[in-house]
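Heads up, the next two complexes both have subunit A, just with different partners, subunit B and then subunit C.
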Partner chain A sequence: MFGHLYKYRLKSLLRTKEDIFWCMFFPIILCTCFFVAFSGINEKTNVFHTIPVAVVYQQDNEIFRTVMDTLSQSDSQGEAFMDVTETDAGNALLLLHEGKADAVITVDSSVSMTVAEEGINQTAVKNFLEQYLQKSAVIEDAVKNNPERLTGLMQNLFSGQDYITEASLTDSSMDEMSSYYFSLIAMAALFGGFLGNTIARQMNANITNEGMRKTVAPVRRHTIIAAEFLAAYTIQLMSMALLMFYILCVLQIDMGNQAGYIALTCVVGSLAGVAGGMFTGSLPVRENLQIAIYLVYSLISSFLAGLMVHPIKIWIEKKVPVINRINPATLIQDALYSLVIYDTRERFFANIITLAVYAAALCTLSCLMTRRKSYASI
Partner chain B sequence: MQVYRTFFKMLMRNIASGLLYLGIFIIISLTVAKNSESNDFTTFNNAILDISVIDRDNSTLSKALYDYLDDCQNIISIDSDEKKWADELFYRTVDYILVIEEGFEEHVRDENYDNLLTSYSAPDSNTSYIAQSQTESFVQNVCLYLEAGYDYEQAALKAGEISQITADVQISNGSGTDAEVSSVSYFFTFLPYVLICMLINSLGATLMAWNRPEIKARTAVSGTGLTARNAGIIAAMTVYSLVIVGIFIIVCIFSYRKDFFSESTIYYGINGLCYMFVCIAITFLVAQLSKRVSALSMWSNVIGLSTSFLCGVFVTRQLLPDKVVAFSKCLPTYWYINVTEELKYFSGTLSREAWISMGVQLLFAAAIFAVSLVIIKNRQQKNA
Partner chain C sequence: MSEIIVKIENLVKRYKELIAVDHFSLEIQKGEIFGLLGPNGSGKTTTINCLLSLLSYDKGHIEIFGQEMRPDSYDIKNKIGIVMQNVAVFEELNVYENIDYFCGLYIRDKALRRQYVDEAIEFSGLAEYIKFRPKKLSGGLLRRLNIACGIAHKPELIILDEPTVAVDPQSRNKILEGITELNKNGATVIYTSHYMEEVERICTRIAIMDNGKNLALGTAEELKSMIKNSETIKIHIPVLDDEHLEAIKRLSHVYQCSYSDGVLITAFDGGKHNLIHILDYLKNNEIAFGQVYSELPTLNDVFLEITGKELRD
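Let's look at the complex of A and B:
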């Protein structure tokens, strides 16, 4: 009987177009939108590119010219700091306004710069000029007060001594946009709740016709509940598998080489999603209200995990950290995030265990609310 | 007129769900507009970075370095637990973390430059370079003064003094892109997503009722022709949409009172009206293609999200890949955003290109209407 119920519930759920759209296709559509919109952001905002600069020599300055030549040469990573164009004042301003130069450096008795707008490249050029002026001041001071020390000072200046050790906290590329994909996977897992909601609703005799039929059927209640839950969970797992295949194989989003742990997150996350939907579907309220409650719950949960505004998770962590410890979407998002960022698995398993407890609690409550219901004889 | 009045009567029956959508979308648009305002990816306000400095030395030199960085950048405090630093860097709440190691001052004095300072930043971050080079420069200046024969205290003092030397920077406003962006622009940039979802969900249900066979049959046998029927429906849709746009404008006035009353707002309004006709046309088409009311929310999300992401509603166009921007020219939302992008830096007159963009939107609306009418006509002929 269990197999029969499971098979037909599976068929029936696959024919509910709305639920299948929200569980299976909507996350893929949203994921495609993210990919299209975010694929260029990291490249355009975070990755360093050579800064185009126009230089106008109103007075010859050999030292400055030598420094500029050095900065125009490619470093070990093949990227020069500046791409220098020597030109006259009029042409330099034209280049600036056409966007072909980020700054115009004018060399006369001192050095100054002209920019069209504020920006990170302009700040970098300004910072370079300030360092040049400061070093010039140190040398002038030495020439004036301690000329005998000038050779040692120049050696020190060009020694290329590094004073800072650059350390890394993770091997990850730290692409902040990947957090949107983690939140999206969390949302997709919770959207499995629409299936849970449908099966629970269709077991309530006071809400749906299907519920009436099932209530009078000569089948044990817990057999129906188990078969229906398993059918919904199977479809949700299929949806998650499709989504993960799309993210990892089609869009080729880097989520680290942790396929087993990612799969575990999807399995537990989907369980939490279907259980949440089943719980709201068991509430003694009207059909539309049940759907609305679950929709609001899943969207708010995803919002708090950073689906719309990604730094919200860290704001919450600073102000009300308890929300991050209990919000199911944040738990799924954080489990995936911790896989990419951290070498240890403590944080990952803390999230997974909390999710599993949450899912088990909701499943138990839903079963208690659904079984042994009696209706007044009218 | 009969069709027009009936359409409104039907709309009023569904007004509760319409109001629910209106409330939800007003909240969404205000939240997202507010977030875009505070998180504009393309502008770096004075390019001041958020950095954190952990001073484990607490010496005169480490304090001088701290004060120098405090003058240049925005120092924010973070949790001393190193495990949480990765979160701060990942979410870009901190661009750069500098740890002044214990014994920093002593090591500088002894010219032992190992293990002086440790820095952390997101890989490939071009913002952290600035703070890194400022720190390097300050420490090098101290070392240079020590090399030049100054004693330790004087070297630290001198390094502090020359750090005040700044480059002369002039702003040339030829490009005109340095003007402050009004907050109204963020609200209107987000309007396409809201309007399309709102109209498909609220108007679509009423429109679909007109496609029911019994209502179609009744209209067909009445004295009202197909053209008059469609004209009545479109007129009712236009009036309803105008009310919706009007409500959004009232919300905008209350939310952005300071920036609202300007010449550019008139152009934002005209552009919004052009896009409204596009949305009406799309809603009209979707209602012809949908068989069930529940399909409307799918249509609205698919059309709303895809056009918004592709055309620069959610993510500014400058950050989209070039191929995506080229493709988006085939969509009406691209032409809407063309105008809002120009109005962001409005200088008093609207360019010819902006007017053409509004015209293109109206052409899109006309084309989509034409397709819908062809579908209606074909169905009618098939059923005849």
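Let's look at the complex of A and C:
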């Protein structure tokens, strides 16, 4: 009997387009969107490109020319700070307007800069010129007396100096954006609740006709509940496996070398998700309202875990920490986060145990509501 | 004496102030096709749901197959087939899978189940549609699938709750023929409907329900004999003066007579050859007449006389 119920429930759930979309495909679509968006941010913020500038010498300045030559040479990482084009004023402006130069530096009795728009490159050139004017005496001395040390001097002058050393809590090299992926995994785990919601609805005689037919059949309720829950959980685990494969192998997001613990988080998180859905599916309200309740619940839970705005989780931790201790999406997100931040597993297991207790509580409540045998009204 | 399959005693079901089933009692014998006839909202489905222990009830006692029916009476449930008023199938499973799924809730042996499922498919005429999902089926076919899911496990007691609602006449005929066949094969049938023609056609005994009460019980003939009217004759007569109308009223067994818009309607309370008597009178008095109709009483007349309202109201 168990096998019969399990087989058909698995089959029917796999063909339930809405549930499969939310559980299996929506997290992957959202993950792809995150990947595209974060790739853009990384490119803009982290990747440096040589800045093209046009220099107009209205008055000869040997020291400045030497400095510019130095900055035009590749640094240790193979990237030059500036790509300098010496030209006249008219051509320089033409290059500026055509976008072939980000800035025009005019050298006469002083050094000035003209730009067509504001941007990171323009700010960098401006900072360089300010530094140059402030430290021209030192540079002039170096050019005249120790020209071979000019390159090193330039690096010291323009790169700034850190006086505080950053100490990492862990050996893991976590990408800052990973926390968004953790929140997404948490959301995907909770979306398993749509499957739980469907099975619970179709078990209850006061909600669906299928539930009515099952209730009059000579099958014990706990057998139906166990078989259907297991079928929903199986599909949810498949969805999570697919998502993790996509994140780790296709998008190659670095989540540290914690595969076993990540898998455990997905297993327990999915359990909490399916149990949550089964609980709302057992509530004595209309079918559509049950779905709406679960959708709102899972989205709010994910929002509070920082899916849309990461700092919200930090803000909650400061203002109302109890929410972070009981919100299932935060528990999942935090379990994954703690894996890459801390070397110990105390916080991870605290989250996992809380999730397991949450799942067990919801399962028990759902069973108590679903196993009711006679209804007051249908 | 026949074996009693279903026994309902003094059943009461309340929804707050509303009494849905009001001290309802009933006995159904083995091999019957028992009709529960009543308008929508009369308490038929509530009675069935109480019978199946789907609904809790306030008062009364229900026995099926000689045992008290409880929510965990799995032995009893195993012998019951239910066809719900609303189609209760899985949209995601095809015809074969749906029947197999519901049959599998009763029959564990795979080979036997396969045989039963094939027989149910043949019985319901769904052989051409086994790969179809319910969404692709017409209303009539969907109803047939609903029935097939309910009877595939060959139950001894089949409960059909308004199985022909929103079904075309052809499918309706097929369904009614099928129910008769199931009964011939040994199943006891409880059939609820608000279509009196269907109930009259297939049921061996009928209970008329209204406002949760059992108003009358018996065979169709017994029910009809409970009322005064035995025959109603309608005759198109272009001209009929008051003198002749009064004379017709004085004919034997006439208890009601009216003439308007060129139609004479005469109701009789028994008697034989009523039509001959009235036509003889018209001929003897050289009164011209056109079309003539003779109607025997229907269950609607029974319902009308008992409740003062039409069954279809």
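The definition used in the following text is that the second predicted complex is superposed on the first by the 258 of 378 C-alpha atoms of A that agree within 3 Å, B and C clash if a C-alpha of one lies under 4 Å from a C-alpha of the other, contacts with A are read in each partner's own complex, and residues count from 1 in each chain.
Convention: a contact is a pair of C-beta atoms (placed from the backbone, for glycine too) under 8 Å apart; a residue touches a chain by one contact, two chains touch by 3 or more.
Please read all numbers here as calculations on a predicted model, not as lab measurements.
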| item | value |
| --- | --- |
| Subunit B versus subunit C as contact partner of A:V67, first or second or both or neither | neither |
| Subunit B versus subunit C as contact partner of A:I20, first or second or both or neither | neither |
| Subunit B versus subunit C as contact partner of A:R213, first or second or both or neither | second |
| Touched partner set for A:A263, first subunit B, second subunit C, both or neither | neither |
| Contacts of A:L365 with subunit B and subunit C, given as first, second, both or neither | neither |
| Touching partner for A:H310 - first (subunit B), second (subunit C), both, neither | first |
| Intersection of subunit A interface sets (partners subunit B, subunit C) | none |
| Residues of subunit C defined as touching subunit A within the complex | 15, 49, 52-56, 71-72, 74-75, 77-78, 80, 82, 84, 86-90, 92-93, 97, 100-102, 104-106, 108, 149-150 |
| Subunit A-facing residues of subunit B, complex | 31-32, 35, 39, 41, 43-47, 82-83, 85-93, 98, 113, 115-127, 129-130, 132-137, 139-141, 143-145, 147-149, 158, 162-163, 165-175, 177-178, 294-295, 298, 301-302, 305-306, 308-310, 314-315, 318-321, 324 |
| Residues of subunit A touching subunit C in the complex | 1, 4, 8, 11-13, 15-16, 202, 205, 208-210, 212-220, 373-378 |
| Subunit B-touching residues of subunit A, taken from the complex the two chains share | 17-18, 21, 26, 29-30, 32-34, 36-42, 44-49, 93, 96-97, 99, 104, 110-120, 122-124, 126-131, 133-135, 137-138, 141-142, 145-146, 149, 152-153, 156-157, 161-170, 172-174, 176, 179, 308-311, 313-314, 317, 337, 341-342 |
